[in-house]
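Every chain is named by a letter (A, B and C) in the order it is written, and numbering of its residues begins at 1.
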Amino acid sequence: MKGKPSTNLAMARISWALSERSRQVLSDFTRNGRAQVGGLLSLTFVLVAVFAPLIAPYAANFSDFDEILQNPSSEFPLGTDELGRDQLSRVILATRVSMQAGVMATLVAIVVAIPLGLLAGYHGGWLDRVIMRLVDVALAFPFLIMAVLMAAVFGPSLLNATFAIGLSQVPYVVRILRAETLSIAQEEYVASARISGVSTARILSRHVLPNLMNTVVVQATIIIPSAIIAEAILSFLGLGVQPPTPSWGVMLSSSQGLIIQAPWLVWAPGLAIAAATISFNLFGDALRDVLDPKMGRR
Amino acid sequence: MLRFGLRRLSESLVALFLSSLVVFAAAQAMPGDAAQTIAGFEGADPATLQAIRDRYGLDAPVHVQYIRWIALALQGDLGNSLRTDASVLGLIAQTLPITIQLAVMSLAFATFIGLPLGAIAAYYRGRWPDYVANIFATLGLAVPNFWLGLMLILIVAVTLDWLPASGYVPPSDSITGNLERMILPTVVLGTGFSAAIMRQLRSTMIEALGSDYVRTARAKGLTEISVVIRHAMRNSLVAVVTVMGLQLGLLISGAVVTEQIFVLPGFGRLIVDAVFNRDYPVITGVVLVVASAYLLINLIIDLLYRVLDPRVRLEQGEA
Amino acid sequence: MTKSVLEVEDLVIRFEGRDRTLQVVDGISFVVDDGEIVAVVGESGCGKSVTTMASVNLLPRNAEVHATAIRIGGREVYPFDRKTLQQVRGKSVGFVFQEPLRALNPAMRVGRQLQEVTTRHLGLSRLQGVQRSIKYLDLVDIPNPEQVARMYPHELSGGMRQRVTIAIAIICDPLLLIADEPTTALDVTIQAGILETLRRLRKTTQLSMLLVSHDLGVVADIADRVLVMYAGRIVESAPVDKLFASPAHPYTQALLKAMPTRKLKRLIEIPGSVPMFDRSQTACAFASRCVRSTDKCTTSPPALAEFAVCHKVACFHPGPDAVANGQRDSGLHTILTSSQ
């Protein structure tokens, strides 16, 4: 490896520490009961989302007007809705939307927050102040309001909703990453790298960023379940997924008026949302416990 | 304390200013020609449109428009609804009290349930009360509140017929009527909150109960109740306030959803209807108000920190 | 016969871990008499801190305490019951812990932390309690006590904080003050001041003290009698001058030899941090590290027995060091210092 000896030593130390730790983390994790349950369930949801079109017995929009509002039966395990569509299929297909929302919102949040947090924490000074003011502004707009704005300007859609959700998480992630960067930046190996004349970009990408990964993963585990619920809320209100695309939130919204005639239309999507959220929460809890019980506390 | 307060205030004002810029920019970006909108939905001839533009200064450069807009807003003029022509401010004034009542009741509910549960869970950590409380918290946080609302309506209102399913009665008309209709919404909105509070308190209190100063308190011979409440819990409240602050965003979305389900003519419904109807002045006005309120509440919370924990310094508030 | 302030008979302390139970204190007995300062010394992990805290059951939940008897001021406190303990703590026994910043409630003013003890045990009103607090802050040599009473712990220096904890411990005029490493977390210069304050308190108030320390310098400075503990057992007990002049147990001798060149500054407390070797009940705990050990030492545990007047040792081969005085027993020294 080319480079000054001190940086090489530092790099070697970090990569050794990281791999040693990763092994420990992995073994701790797979033995944890909550991790097993949460991980399994989360994986199930992801798989259902990926293979949804293959699993669902009917297409999302296949309407049979002879079968409107049927009770759950062997033909339609979760009944049908007011347009004669099979609920089971729609619930399955809606999993895609939720998983998409979860992943994309997290990506948006992380992609935006990492550079901001790094710069704010590492550079300090005026850049830090500017970024923190931006964070304050973002904090003034809770995800719903942001989604409202985006829907008003660009029209409601899943993409816009996801964006709004992701952006609304940015302030929290930035704050945490900034604090982490600050403490990492004070470590000796960073100081020695700086003195040796290593460029800022290299320091950030080689020394600081790998150490932030732990925190980033932890934050991701917090964001995903929140995003799932947030998407459901936004779709419920008409600010996200637009009918006829199936989404648990949309399904709940249309079931509202039919609650007396067809209560089963309310059960399924709600349970799905709750189950997905619990699974990812469990998984995230377990991951957090293993990585560091105190890390990433908001 | 005063210096801290002033500094925080100035930060909030800067953020407020920037936020208003964002809202203004969004408002400009919203579809529809403003002049056309004002003229009405029938196509007006170019001369009329131009007259409107002159009258409202719509041709003026952007920053002038912004200043006008802000000036009007500060005077309370947020424009008029496109649909009903009612003043936006008036609409807000009409709907906000309902939402505030809901929010306050939910917060009270959440606190009265969340705090004791959290303390019990922390104290009996690892034993059955903790286990039960944790299940409650997990469910409370994972179950989407709009689903909970629908289920409660199904069970309590429809099947058991104990409470009305929806609608709103102002307290001036009938206090019982008002409360009857607010109970379910309060439970729906407050449950998630109470779960978050309970979780945070439990976690912080477990730490506190294991701390050296609690050991000192016990070594002083103080009764367990004194130790738990006056020492452990008091010191854990800061964290709970933090969580409450973080949950505010969910409180707003929760209120919106709750009002939607229970048909309460509150602020939340105002927002949703405005988006549905593409009522841009209402949207803009509402967003501006919410953002400002948010900043204000965050400021209050930060000041509250300072009161609760004398160790907090300005740097900590930023870190 | 002078009354004993603290009597402990056959104290056994066990900690329940995840997979197994560790016996940390192996059945020790000792006494603190009225007006005396007894120091308990030993390496980190020998059980000295838990011994003192066990007397009023201040140990964490996973600890099991058994004893034939524990008496404070003649009053039986074992088997433990909550009410008795809550009456005794703070009133008959005062505690001073190691880290004063962590031992004080960070969000409560100093005066209040003092006053609540008086309200609890002496029934004083808030006002009376505060007045008494100020008086005791003065007693522990804190300047401007009225001002300090209104301050928060983090606003005070380390030495002041420790004085505050001492004031809290003595504010109800207890029989016994138990201090667990009271000076370890402080600078050497502050240390002297604290010790001076403790000495003065003993003189003026007839306060008895049970002091835990791994710092022999502190012990030499202030103690009347010393108990040396090793691996959960008392291996030597003697008046302080006798202990330093003619230590009888090989471990004590090794400790003393290690003293002049190095300040033993380990602060780790059991359980959980120091790896616990399995404590065999059938041998002398020190045998594996002792130059004098013979077969007898590895097959039966020595009991604490009279060696000289007021001087007890638990050893099969007690007595002055066989090695010439000037020469350091390098083997032992290395073993001991490497274990730090």
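The working rule: a contact is a pair of C-beta atoms (placed from the backbone, for glycine too) under 8 Å apart; a residue touches a chain by one contact, two chains touch by 3 or more.
A quick note: this is a predicted structure, and the numbers were derived from the prediction, not measured.
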Chain of greatest Cα-centre distance to subunit A: C
Top chain pair, ranked by how many C-beta pairs fall in contact: A-B
Where subunit A and subunit B are represented by their mean Cα positions, the distance between them in whole Å: 22
Where subunit A and subunit C are represented by their mean Cα positions, the distance between them in whole Å: 52
Per-residue multi-chain contacts in subunit A, two or more chains: none
Contact set on subunit C toward subunit B in their complex: 56, 58, 60, 82, 85-91, 94-95, 97, 99, 102-108, 116-117, 120-121, 152, 154, 165, 168
Residues of subunit A defined as touching subunit B within the complex: 132-134, 136-137, 139-145, 148-149, 151-153, 156, 168, 172, 178-179, 182, 225, 229-230, 232-233, 236-239, 252, 255-256, 259-260, 263, 266, 269-270, 273-274, 277-278, 281-282, 298
Parts of subunit B lying in touch with subunit A, wherever the complex brings them together: 11-12, 14-16, 18-19, 22-23, 26, 29-31, 138-139, 141-144, 146-147, 150-151, 153-154, 158, 242, 246, 248-250, 252-253, 256-257, 260-261, 271-272, 275-276, 278, 280, 283, 286-287, 290-292, 294-295, 298, 318-319
For the subunit B and subunit C complex, residues of the former touching the latter: 210-213, 215-224, 226, 230-231, 234-235, 308-311
